[in-house]
Structures are given as structure tokens and as C-alpha cells.
Amino acid sequence: MDTQLIKTLLEAVSSGSTDVASALEQLASLPYATESLSYATLDTGRKARTGFAEVVYGAGKTPTQCIGIAETLLGHQPAVLFTRLSDASSAALVDAFPVHRSWTDGKTLLIGEIPEQVFSGKVYVVTAGTSDLPVADECVATLLAHGADVGQVTDVGVAGIQRILSKTEMLRTARVVIVVAGMDGALPSVVGGLVGCPVIAVPTSVGYGAAFSGVAPLLTMLNACASGITVVNIDNGFGGAMAALRILRGPDAQAE
Amino acid sequence: MDTQLIKTLLEAVSSGSTDVASALEQLASLPYATESLSYATLDTGRKARTGFAEVVYGAGKTPTQCIGIAETLLGHQPAVLFTRLSDASSAALVDAFPVHRSWTDGKTLLIGEIPEQVFSGKVYVVTAGTSDLPVADECVATLLAHGADVGQVTDVGVAGIQRILSKTEMLRTARVVIVVAGMDGALPSVVGGLVGCPVIAVPTSVGYGAAFSGVAPLLTMLNACASGITVVNIDNGFGGAMAALRILRGPDAQAE
Amino acid sequence: MDTQLIKTLLEAVSSGSTDVASALEQLASLPYATESLSYATLDTGRKARTGFAEVVYGAGKTPTQCIGIAETLLGHQPAVLFTRLSDASSAALVDAFPVHRSWTDGKTLLIGEIPEQVFSGKVYVVTAGTSDLPVADECVATLLAHGADVGQVTDVGVAGIQRILSKTEMLRTARVVIVVAGMDGALPSVVGGLVGCPVIAVPTSVGYGAAFSGVAPLLTMLNACASGITVVNIDNGFGGAMAALRILRGPDAQAE
Amino acid sequence: MDTQLIKTLLEAVSSGSTDVASALEQLASLPYATESLSYATLDTGRKARTGFAEVVYGAGKTPTQCIGIAETLLGHQPAVLFTRLSDASSAALVDAFPVHRSWTDGKTLLIGEIPEQVFSGKVYVVTAGTSDLPVADECVATLLAHGADVGQVTDVGVAGIQRILSKTEMLRTARVVIVVAGMDGALPSVVGGLVGCPVIAVPTSVGYGAAFSGVAPLLTMLNACASGITVVNIDNGFGGAMAALRILRGPDAQAE
Amino acid sequence: MDTQLIKTLLEAVSSGSTDVASALEQLASLPYATESLSYATLDTGRKARTGFAEVVYGAGKTPTQCIGIAETLLGHQPAVLFTRLSDASSAALVDAFPVHRSWTDGKTLLIGEIPEQVFSGKVYVVTAGTSDLPVADECVATLLAHGADVGQVTDVGVAGIQRILSKTEMLRTARVVIVVAGMDGALPSVVGGLVGCPVIAVPTSVGYGAAFSGVAPLLTMLNACASGITVVNIDNGFGGAMAALRILRGPDAQAE
Amino acid sequence: MDTQLIKTLLEAVSSGSTDVASALEQLASLPYATESLSYATLDTGRKARTGFAEVVYGAGKTPTQCIGIAETLLGHQPAVLFTRLSDASSAALVDAFPVHRSWTDGKTLLIGEIPEQVFSGKVYVVTAGTSDLPVADECVATLLAHGADVGQVTDVGVAGIQRILSKTEMLRTARVVIVVAGMDGALPSVVGGLVGCPVIAVPTSVGYGAAFSGVAPLLTMLNACASGITVVNIDNGFGGAMAALRILRGPDAQAE
Amino acid sequence: MDTQLIKTLLEAVSSGSTDVASALEQLASLPYATESLSYATLDTGRKARTGFAEVVYGAGKTPTQCIGIAETLLGHQPAVLFTRLSDASSAALVDAFPVHRSWTDGKTLLIGEIPEQVFSGKVYVVTAGTSDLPVADECVATLLAHGADVGQVTDVGVAGIQRILSKTEMLRTARVVIVVAGMDGALPSVVGGLVGCPVIAVPTSVGYGAAFSGVAPLLTMLNACASGITVVNIDNGFGGAMAALRILRGPDAQAE
Amino acid sequence: MDTQLIKTLLEAVSSGSTDVASALEQLASLPYATESLSYATLDTGRKARTGFAEVVYGAGKTPTQCIGIAETLLGHQPAVLFTRLSDASSAALVDAFPVHRSWTDGKTLLIGEIPEQVFSGKVYVVTAGTSDLPVADECVATLLAHGADVGQVTDVGVAGIQRILSKTEMLRTARVVIVVAGMDGALPSVVGGLVGCPVIAVPTSVGYGAAFSGVAPLLTMLNACASGITVVNIDNGFGGAMAALRILRGPDAQAE
């Protein structure tokens, strides 16, 4: 809790410059403010607290719910990013809102104004195989939607090791490298040995049999012999992007 | 591969300022140089490539092997960090080298000169329960050994939610927050909602029964509903620290 | 076995006030009475034994079977609750019986008279995200069908921790809190630290990848660091409600 | 958050009857008060919030840490319960504190004054086999330590079904039944069909091979065909007891 | 190998009563005889060796393959049983062969003459719930097709324990009891305590969530606390029936 | 329930030939009789119900408990079989009782008189490798203790397929074959194709790595391509023997 | 890296016979050459390095991508093999390229010229059951496409052990045996005991219940008691073939 | 079965050149000959069938059993290799037999005469880390014991990718490469892209947490993106070596 804010408020009440009703109201509008809908408690204060607007996980939400959420959030922020939309929800949003941008056949959708590039530092999204591209697309979309500077390297799996080696010089200019890989998930181990910057590994469900829908690359990445690799959930391109944005953004506040 | 370096070398050979034998030797001493021991190919060039000296995983290595590795590495770098040492290996290293620092009963050991603080940006290591401390210690040791500025917050699990809330203001000054938790592993989800900086989650094997030696908090963290949380291996305090150091360090090279 | 009842019966037989045939018949109609259909042995005595009418698990039952079961049960009790109905079974029941109430698109269906509120004590059904609503609906339906007093709190996951904190005062008036959550399943740990009343956790299969169709929140809840949280099966909103009803109801009999 | 308390406090500040420094201090001593030790943030306000004193999970804590925690907590509450103590920690606590009670060879230890029976309503702890007794003991100890009225039924597994049937009349007087079972974990399903009161199932790691250290009975219990059975973690006798105590205790506060 | 047969054959060759070509032919027609098709090596000698005609696992076989297999086998035995047929294969077999009998919507199909009852000893097939019936049907079909005397008990799960208890007297006349159950899979443990004859447990994939498509009842049954329960694969009604038939049949040969 | 017995009893009460107290006493001594100890409800009536005396699972029972159980059971039956005894419990039983027989270094112990051979029909216990012998020993011990006629075949794994083939003639005289195998667990599939009698597969935890302590052979056996193979728990030699004894024994009662 | 080639190149640069620009170009066209497409970095140098042209994994690739890849690769090699094609991609390739050969309903497709038989040594592909044929087909297709001499043995599972025994003489002429089996996966253990040549085991997802989509045969094969059996991924007929081709091919280069 | 041999034998019997007793004896000494001990059926004919002498898996065998097996086998072959010996068994064998060679602290032991190098073709055993050496040692021991030409490459994990790249030229002279790796198990994928010869991957249990005792590298290797990699069991250095020997050895017999 923001005790400095509370202290200031108490002093104002003490001095009479703020009355009790107003103080209660201000307490309610602190960074924990919420606006209630019948089916969702939207976290409209999150941007103030964490630096990012709310991103909506579309799976399992009806078109009507998606439109309601979009309308409410657009009252607080210029853009809303939806991921994992059903085709119906995607179409409904496209119909309802004039300004948008779309990735991966509309599963990922940006309603409202696309931000300018607001972060310095290059983020490279590297994929092991062509089949990993949909996950990488979700990742790139999320990064662009938040104003990051993104580069992409495709189909550089370790079975042809020179493919990733030939990109070393380029990757060594990155602020963050996100590595998207299925099957053996070995690529982040190699990339982590080539660069010193943060490497975020995104396992994908590409593969079959003992890949177990992404479990194999997930375990590979958690056990990467290059140190300091971090991992997000299977197929979670969005999560990999958000982790990169946290790195680009820096501390919330200055230490005293 | 560092094609710029190769180009320069080729030009020197072409102009006659470098002869072939010397050029071959220089190629061999590029950032991929190694020094061979009978039982280990040490990666003495890794510091040049990734910014960090080699850290030695002590489990399964004999005291004699550890001492041999330490002697070789100290010829290339001022300090060597060992983790997961057996008691015998730890004692042998303590006997053989005059300058060292020790954590967690000698399991983690720093041979040589402890570096000065070389990174700006505070790293907080947050633990959910007292039983998670050994993993947090490995994490703190690794950070200090590499010159990071470390703070620690202890025993702030979510069952008494005000414990972590009362630290919010402090955590919002962090460059990175590392959250170490076993059992339900729920703490990173809460921390990730409170701060916008990178949150690295370290699951621990603390717990019993359906905690399955850390599987439960690992899965919780991979599914954290706060976005952008990244995860390392179970009990991998070292890995969490290395991930934080990658964030502190920045890009390897400037983009053109 | 109800030896007091048997003793009384034996005494009646001994005294001649009951004959053997009648005694055998009465033994058969003790709380273990059943009525046989060709495809189901209905437990029509269960209400007498456990306080609740039989609830029918609709998955895998044909429309004809559902109607047969409904007809038989309505001969013994005013209402029958069906869950997990196929669309065909649901439609058939709606056609066949004039009085009913429907939830979650007819998957949960109440045939017969809805009971009045018969239990004191508020039950709150709390959901972490909008996508958890179908499971919460099954839970609410079951509670209402049995005469409980139900309140609902929606979309208060821990990534925006103030959302659940702002409900603390309200939840502290509950007799039971049922918490429905997927993904990281962290919400029950927090709720369990805020209230002293029973907290029943219902994991949902919401999420993807390493959520493993509900395994991740299930494990989180079994390892909740707030003590005394209990757990039911994945997506088992019905089971959570029945557990709450057991709490509302109290002992079957008075101790001597 | 307790907004009524905050409102009162603000009014006191406004009226001048409380100064700012004092108000800040009072905010800090609200139900979220904590007392800091170097290795643990004790939740001394938890009893006020949840109705129970803190119970300390002893595994992985040193004797010195245990004694420190005990001393601090005894400054706030008459008794402290430790579970899963090492032999060394148990012996150290027995030496350091004159008043105590011990279960299961000292693994569970009560420091301070044992409370009188404070709850009405009988809790029965039922075990399937003799080998399940240590888990049942932890359960009984926790219940007695908090002032519950406990009965115990032993070795009534379903392979000799008449053993549990002969206890039906007795169990039907219970407020809560806790069923502790390993191997096939089938007992709670049967008990749940015999009584209408809450049934809490505690799986144990008794068994071998495909029992997988308690996974088999855990899954059995989560899938119990008797409705409304709830489950706690494997071997978690403490958790089963705490869940029962939540039921005995009732709501934290009266609804308006 | 049948060395007695070989010895007799050798003696016949030695005495000249059998020539080499004939001897080779007879060796080939020993119980290991096979008839080759391009896509299947049919084990037409199996009936001689094991007492049962070949039963064909229909999943993954095309209609054409099924018809080819049926034609070949009917040259060696009066009937062929197919299980797990696709709808197309089932229809093709029904069209191609005038005599047949069908169970579970044609998935199980008997081509040729249904045998008379050839085994003494009653086999009871007991199901826990109505939803387990398809698996029980496959079991009953296989038993009838091989000439067993079958009885069926339906919907007697342990949550209403009196349902199975009321069948005790009947089950105690069985030569074999096959118990088919999903969800908690607890019924075989109870039945195994009521009867002394062989109890074969068939787990089904009925249930949801932590039933994990039959894993939960499978583990329950493998850990049944009633001793001597045996288990077959999930949903394997056919396998349960074949195991019962092995019991009914007795030894292949008399010991000397 | 034995309604014929109850009917007779009721008629006796009705006629006055039995008084109420006596009738109650007789009801209590029906096949569901139990004798209570403080730590165990012994099922002394089980032999009457299922045909076998109680066998005691020794793991987790103290020497004192074992001796108490042995004394009580020997009041009801001539012999008691203990399995999985600790060394201490085994030694205590050997000291306390003059007549016994011991297998597998005392882990399996028979207290009292060894029965004569009471069952006709040979049971063969077949092991794949020498390392599987301890499990086979538990199996043989249990069979002998109950009066079965046992033969043993050792070290006939499928990698040298002629080893088992050379035993075919002998195995075809068996009433039951129990196959004990670890590693790939392939032996029961082959045996099941050679004989038509019941084949009970016992997976063992012999093997390493991906044998996962017996999971690999367990799954192999559940999926055996020879039909009608049944399976018991990993390392459960006792269970395999009890299953064979159920087959030898036949129905509990004659059908009308 | 091919240091001999580099040395030669350096000498040419030194002597002036090659200029720097040309040397850089030649370095780029070493065996690590790649040709970039927007969505794939094709490894056109792989044939030179490993002896085989690139085989394209079709799953998840669009028809357009497949055609683009085929066009590019056919510029470097006479034929391209696609596996796991969608129907749409298969049809598109069939339309676009006049010369091709097709297996398993077009899922596996060979574009370009089929090679002559280039390897000596027979490879036998052995299947346990008819249902395993699609996986065996992928295996055979890959072998033929690369010029191997292939034989096939079908439906020789171990439940009729004489079926595989009758093939022993033939299999003992093989250079490599590939064994494809689902369900219990026991066949490779038997084959490995019959022949001394390499045995490659391919588990299939044929089976149900506890076969867990191929996990059961996978584990069986990894634990095969015949020594020296190797295993590839579930359903990976392609992988089994490639492993055989590596054996047929021999070393890449002569040792000095 | 070797029908040609049988035919020849039959002809000899027919012609009178062999009598029946002798013919039976010769049948018994065909490649399926065995010599029986009380605890083991030794496969003394295996060398004739598969080309290798029996290797004894020492785990779970007593010193006395080991010595008995060694004595018997040495009557048939010049040397016996034991693996996974207990210290006691190892010491007993060392005492009992004058000629032997020992690896990995006596766990692997060769009794009798070490063979000369009998196979052409180099086998390289490559390890990712120093901690993988014990498994590699078992592998090397088995290869040398059978007369292979072995080379070893140590500590070349992919985090320092140049370490393995610098060995490329050497590895390309290999007939077989065996890659031993724990943790992420990524090394075989890279090696498989560098060489065209057979690559056998041996996962090790080196690592912790989510390495799950070798499951992580096992899955990685089964999903290796370099095609044609085969895998053996976790820690199975022996198995990897036997697979290589099968490759070195070639077909058992010439095809007609």
C-alpha cells in the first residue's frame, strides 16, 4: 500500500483541507481502483500500477462479453489487446470497432490506437521451425501493441547449427531474446551460450508422440545447461512478450 | 561467428601483416577458445562471450576434480563460484584456496576475490516461507558473487496477504524481483500484480504429498495469472540469479 | 445399520404386534430402500439417509434414460436436479416436464418444484476469472436447488489483489466460501487467509499448456499455504455445492 | 480492508482526537499487524482475522529457529502448535518450555496451555487401516489443541464392509467426519453415502507400487461417487483438522 | 515346443513310416500353424493352443481388411468376434455375412454361428453406474459369444452401499465376478470383501477432471484393499471377459 | 445381508424359541463379526465369508502391534501370514511364537501351523529374471501357506525366447500361471499366447531409468496383446497369490 | 568447422590468388550455407554434411508454404520428401509438381525423381499388428525415397509367438530390423533376442486406455530385456527409417 | 526356427546316419540351448545366436549368485561382463577370479580374458558434462570388453557450442557416435546435425528438479529435431554400447 499517499491524505484531513467523505473517496480511487461489470471486475488501475494496460484472454468469453469489456476499457486507455479469441468474438469486435489491427487470423486483435514505439532496446523473437510461427506471432503482436522495437529470426533450429550461429552478431545487439521452440526445445540452450542478455524461452506444442503437447520442450528449457534462461507456459507467446516488456520498462519507482 | 573479426584478420593476412600460422592461432583464440583437461573442456572464453565467468555445478564432481577445475579457471578469472558441492569437495576447496566466501553450509562456495558491486539496479529476493531460505541463499550468493546490489524479504506468503502488501512500496523500487516459493507457489502471481518490473519465479521442493517435490509450485508459476512472470527450474536459486544478472547487464554489443 | 430400529422391530415381532412377513418388508424399507429399473438402481432412500435428494449425473445417459429416471424419482421427491446433460437429453426433459428451471444453457436442469430457502447461513461463490463462470454456475444452481442462500463474487483473481481485498468485509459474513479458479489456482490461498469460515476450492480446466486441463490449479489448491482449505474435483461445481450443503445441514442425528 | 475502522480513524484524525503519528501507528496495528524476525514474518494478527493461532510447519526449520518462533508467538497467544518437527527441534522445544503436550513421538508438539473444549459438535476421525494412524494422530492432535470434541474410529476399511456399517449410528451424530485412508482410498465414498454431515477425506501415502505415495487414494477421493466429499493434501492430517475447525467455528462476522 | 510330438515324428521318419516332406509339413501344422494374408498373419492355430478362436480388434482396420479377415477365419472356425469396429467396418460386415449378432450399436459384432453354452459356472458382470454400461456390454457380448452363463447387476455403486449388499447372496453363487466401474473405482474393493471367488476389475473412463480418463479407477483397483483382485486395461470389457473365460476353461492338458 | 439367516432368526423370535437379547447377540455374530483392539478392528469373520484367514500387511506396524495382532488372530485360526515385515517385527514374532516358517529373509512369516495341501490344480510361478525372485518368493509363500500345489520356473525372460518355449508343455498342465516380471514386462504376453488357463501378471520394480519403479512393466501387462491377462499391483506377489487362490477355490455358495 | 578448408582459403588469400571479398563469400558457402525464405531458413547444405537431403515435416505448414519450400529445395536436390502433410497441402503439391510418389493416402509425398537403390544391406520393417501399418508405411516410404533395399513382415505380435519365430531365418539376413509395435510393445524384445544386427523400435499410439497414446510401448521398448535395442519417438516411422539410413551409410569421412 | 538345420537333421535320421537319441540331443544344442541353475536359466547359446556373450545385470544379485553365474558362463566363453554390481558382489568376484578388469569403481567388472579389437570402425563416446562420466564409463567398458575401437570426447555441452563444433572433423570419421547427456539433453540434436553416421543418445539422471531423474533429457532426445537419432534407457551406458556393437557387427547370415 502506498503509505506515503495515505500519510499525505491523513495530513490533509487533519488540517481540514480535505473532509472525511472526500478522503474515503480518494482512498477508493488509489491504484487499486476497479470498475465493476456484472461478469468481470476490470482492473482499470493496473496500468497505473504495473505500466501496462489490461490484456484480455479471449478464450471462453462470448462475443457480447468481449464487446462489453472492450467498451469499458476503452474509456480508460487508448487501446485493448485481445488474445485467443474465438472466430465469433473476433468478428464481433471487428464489426463493432473501427480502429484495430489483427494477427494470426484474428485470434489476436488490437482495438483502438496502436502506440508509437515507446521503449528503447531491441527484442528479437527467434523461432526454431516454421511450425512455431503462430506462437511467435502472438509474441510479436503483443510487443508491437505495447510499443516495443521487434526483430524476428525464423527457422534456425539446432539440427543445422550454423543457421543460428550466423545470427550471433545480430543477436548480441539485443536487449532481450525470446526463443520459441517445440520438439526438442534445444534452441534456447544454444542461444543462451551465445548472448549475455536475457533469454526468455517459450515452449510450443509443436511435435507429436513423446513431445506430449509441449511438455518435452518445457522440460528441456527448464533444464537448459546455459544458465539464466527463464521459461513461460507452453504456447504462451503473449507471456513471453509481457516478460520482455517488464525488462524494457525498468523499476516502477525510484528508491529513496 | 564474429565475421567482423574474421574480416579484419583476413585483411591482415592479405596485406602480409599477419602470417598464416599466426592467423590460424588467432582464429583459435577467438571467443570460442577452450582449455582442455582430461575430464572437462572448460569454457574459459565464456566470460568474454556472455559477460559472466563460468560457474561450476558441483554435484557429482570429486574433490580432486573440483580442485583441478578451480586451479585452471583461476588462471583466467579472479573468482570461481561453485554450487551444490558435496561436503568433501567443499572442505577440499576450503583447504586448498586461502581466499573464499561460503553460503548455505559450504554447499555454495566462492573461490578467489569477491567482486565489487558492478551493476546498478536493486534485486530483491523474496521468499514465501522460512523453509525456502536455502534456495534463496543460493540465489543471493550468486548475485553477490557477480557484483549485484541485493535486498531480501522473508516469509511473506499469501496466506497472510498483508505481509507482502506492506512491502509493495519497497518492491516498486526494484530492477528485478526474484520470488522463491514452495507449496502452492502463489506468491509470484501476487507480486506480479504489484510491480511492473521483471519477476522471476523460483519454485522450491518445500512441501509434501501433492506438492510432488516442487511440481505443484512450478505449475502454479507457469500458469501465473499475472502476465509476464518467468520461471526457472525447481530449487534453482542459481538459475534465478543468473537470469537477473542477464537483465542487469544489458546487450552484449551495440547495434550498428 | 440402524440397530435401534432393528431392536424395536424384533421386540414387535416377539410381542406378536408385527408378523414375520411384515417385519421382512419393513427391513427392506429401512434407509437402504431402492427401487429397481432395468438400467439403474435408484437410491430413493438417500434423502432419508443423507438429507438430500438424488442428483443425476447426465453425461452418457440417453434422453430416454433421463426421462425414465426423472419419472421414477419424482414419485419420491418434489424435484430432481440433472447436471452435465447432453443437449438432446436436456431438450427431452424440457419437453416432458412442465415445471423446471435451467442453468448454463440447459446442461444443468431442475425438474419439479424449486424448494424454498431452507438453510440459514450465506454461501459465497467466488470466481477468479470470467472464464470460470460455467463451473460457478453449476455450483450456484445446485445450491439454489437445495434451498441455500447464495451470493456471488466474480473476476477477482490475485493478479489484481485489491479486487478480492475489497470484498473481505462481505466474505467475513459467510458461513461457507466456495472459490472457483483455473490457471494458477492461487485465489483460495488468499481467501483462506482472509476468512476463518470453511473455504472449498474448485479447480477449473481454464488455462492452457502447463495448466494440463486443471491439474495445475488442483495441485495449487491441495498445497494451499492457508490451512484448512479443502478441494473437490476439477470443474466439479456440483461437488463444491454439495460439500457446502453438508456444512449447512449439520448432524444427521443427536448423540445420546 | 476494514473500511469501517478506517472511517472511524479518519474521523478521529479530523476531529483532532487522534494525531497523524498515532493514526499511522494504529493503521499498522490493524488485523494485518506483523512482528518481524530476521528469518520469519510472523502473522501474529492471524488469530484475530481467522480465529486460530498460528500453527508452525516444523519441517526444514532448525531447533534455534523453532525456539525463536515459539518465544515470539507465546508473547501473543497462550499456546503454539508445531507439526512435522525434526527430532532435534522437538527435543530442543521440550527442553526450553515447561508446559507442553506431545503426539506421534514428538513430531507434533503443543507449547503452552492446552485450551479447554471451546467448540460444540463432535468430530470423528476415521481410519481405514492401522498403518494410517500417524496421519490420524496429527489430525486428532490439531483438533484437541484447538478445543474440539474428538472421537476416533480405527481400522474400518471397506474390504470388511461391516466394520464401517456397524459404526453408522455413531457417525450420524457427528458434526464433521474426517476419513483417513491410503491404498485404494475407497472409505470416504462409503462414509459419504452413510452420513449427511461434512466428510473430509485425507489420503495417506500408505501402500506401495501403483499407490504412488498417495496419488491413488488422492484420485479416488477426488472422484468419490458420494457427492460433496472434500479432500486435502496427502498425509495432511493437520489440514483435515483445520478444515473441520473452520466448519465448527462459523462466520467471522454477522452480516448487516 | 512339443518335444513328445517331435520325438514321435522323428521315430516315424527313422522307421520310414513318414517321409521327410511329410514330416516337414506336419511340423508346420503343429499348434504354431499360421495362414498368411498380405496384411495379417492370422493365428488360426490359436484355438487349438489356447482354447479360444481369434477375436479381432477392429480399431484402425478398414472395412475391406475386416471382410478379408472374416472370410479367412470362417474357413477355420464357426464364428468370429469383432470388437471396436468403426461404423463403416461394422456396416460392411453386416452386409457381407448373413449370420451375425450385434452389441453396443454394432461396435461389437459376431459373424457366424453363436455357440451354445459350453461352460458351467455363472459369471456376474456388475456395474457401478449407468454410464459404465457400454463397457459392460462389450464384456457380456464376449462372454456370450464364447458360450458362458452370464448374469448382470447394474448401478450398484458404493455411495449407496446397501445396493451391492442386497446382492451379496446372489454374488456368492458366482464362479467369477467382473466389476466394471469408473470415477472412484471403489466397488471392486467392496465386492472382493463380500465374495471369495475371483473378482476381475475393469476400470472405465467414465468421470471427468481428476479421473484422467480412467487412471483414477485403475489405480484404485490396483490398490484394492480386498486381496486378490485383478485388473485389466481401462474400458477393456473384452479383456475382462477373456480373463473370466480362462478361469472357466481350466488347464490345457493333464499333468502326467 | 444373509436374509435367509435373518428370516430364520425372526421366526425363532416370533415363536419364542429365541429371546430378543439372544437374537441381537446372534445378529452380531453373523459373518460380519469383529473383535476390537485399540489399534485394529480385526476381521475375524473374513475366513467364513471369503474362505481365507486374514493376512497381515506388516509395513508400518510396530513389533508390539504385530505380536498383539498375532495373538488375537491365533485365537480364531491355526495360522497367520505376515508380509512386508520390518526386521524388528520379524525378529519379535520369531521370538514370541515357537511354530513358524519364514521366506525372503523373514519379511514374509507364517505363524502357527502350515496347512496341508487343500486345493487341487497346479499353480506355476514364472519369473523373467533372477532379480524378480523376492517378489516371486512372497507369491510362493502365500500360496503354500494357504495349501496350494506350487511349481516354479525361473529366469525365462523373452530375450532368450526358447527358455520359456521349452516350458510350454509343462505350463499347459497348470490351473493358473502367475508371471512375475520387471523391465519390459513382456513375458506375460508370450505366456498368454502359449496357454489357455488364467495368467496373472505381477509387475516388479526391477529395472532402472524409464522403468519408473515398475510403471513400465505394469503398463506393458495392462496392454498385453494376448487376451485375458489380468494384472495386480507392482511387486505385489501376495496379491498375485491371493488371486490364484480365488480361482482354485470356486464359488462361495451353490446357486439355487 | 572445416579447418582444413579454412587453412587453404587463408593461404590463397595470403598468396593473393583470392581476394578478401571472394574469401568471405566462400566462407559463407561452406557446408553451413543456407538460403533464406521469409518463413524458413532452409538447410540446403545438409545433404553435403549429413548425406541426406532435407525432409520436410508437413504438419502445421500451409499449402503455400509447402510449395515454396519444394520449389526452393528442388533447386538444390533432385527430390524432396514431405511427411505428415495435411490433405490440402498434399493436394496442392500433387497439383504443382508433375513427378511424385505417394504413401499413406498422400500424407507422405515424394516430389521429384525417386532415387535408385544406393545402399547395400537389407532393411526389414516388422509390424506387430495390422493397425500399426500406417506408421510402418511412413517408415518404408522414407527408406525407399533414399534408395534403401526394404522388406516387410506384417502382423507377427508376440501373443502368437510362432509367427515371428517362423521369420527368424529371414531376419538373420538383415542389416537392420525396424520393429513397429503398439499396445504392449513386446515384439522388439523378442526380435532383439533372435538377431544380432541393429534393432530399431518404433512405438505406435495403437491401443487404448493405459496404452496412453503410445507411452506403454515406448516404456516397454526403452526397458527391453534384449540388449542394444534403440528407440525413436512414438509413431515416428520417418525417424526409424532415418536411423536405419545412418547405419547403412557409414562414416562421413575417413580417419587419418 | 532354423528349418534348414531341422531339415538336414531329419534327412540324416531318415537315412539312418543319425539315430533318434542323437537327433534329439542335437535339437537341444541348437542356438536355443540353455544350461539350468537353480536360480537362473543361463542363455549360453546367445553368443551363437546374437554374436555376443551374455552380459550379467548385477543389481539385486548376491555375491554367491554372481560367482555361480560367472563359473558357469566361463565354461562356455572366455570372458563375462558384469554391470551394476554391488560393492560386495564386486569384491567377491575380484577375490574369486584372477583375471579381470574393472571400471567405475568396480561396478562394471570384466572376468576372464579381455578380447582383442575385433571390430573395425571407430565409436566415439561423447559426454555433455563431467557429471555424465559414470554412465559414459559403463558405455566405454562394454565397448572395450567386446573388442571395439573407442574414442572419448568429454564436457562439450551446447551452452558453449564451439566445444562440440571444434570436434566436428574428428566425429565425422566415426562409424557410430554415442552421446551421453543429462539436464537439457540437447547435445544429440546438435551432433546429429553435424554427422551423418548413427547417433545413439543416452539420457542420464544428472540434473535436479524438473529434470525428473532423466525424464527431461529422455524426452528431448526422443524429440530431437535432427532426424534419425535413436535413444536408449536413462543411464543405460551398457545399452548404448550394445546398440553400437550391433551396428559394427553386421548381419547374422547371408541372404540367399
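Just a few scattered comments:
Here the chain labels run A, B, C, D, E, F, G and H in written order, and each chain numbers its own residues starting at 1.
One rule holds for everything that comes next: a contact is a pair of C-beta atoms (placed from the backbone, for glycine too) under 8 Å apart; a residue touches a chain by one contact, two chains touch by 3 or more.
Here the structure is a predicted model, which means the values were calculated and not measured.
Looking at C-E and F-G, the interface holding more C-beta pairs in contact is that of F-G. Over half of the residue numbers at the chain D-chain E interface are used by both copies of the sequence. Its C-alpha atoms fitted onto chain G, chain A is found rotated by 90°, rounded in steps of 5. Chain centres here are means of the Cα atoms, and by that rule the chain farthest away from chain D is G.
Inter-chain spacing, taken between the CA centroids of chain B and chain C, is 50 Å. Annotation: 39 Å between the Cα-based centres of chain E and chain G. Chain H has its Cα centroid 25 Å from the Cα centroid of chain G.
Residues of chain C in contact with two or more other chains: 3, 46, 129, 159-160, 165-166, 193-194, 209-211, 215, 218, 222-223, 227, 233-234.
For chain F in complex with chain G, the residues that touch the partner chain are 128-129, 157-161, 165, 183-186, 189-190, 192-194, 207, 209-212, 215-217, 219-227. On chain C, the positions that touch chain D within their shared complex are 1-4, 46, 49-52, 55, 121-122, 165-166, 168-169, 172-175, 193-200, 218, 222-223, 227-234, 238-239, 241-247, 249-256. On the chain H side of its complex with chain F, the touching residues are 31-32, 34, 38-43, 45-46, 57, 59-61, 65, 84, 203, 205, 213-215, 218, 233-236. The part of chain G that touches chain E in the complex is made up of residues 129-131, 133-134, 154-156, 159-163, 165-166, 206, 208-211.
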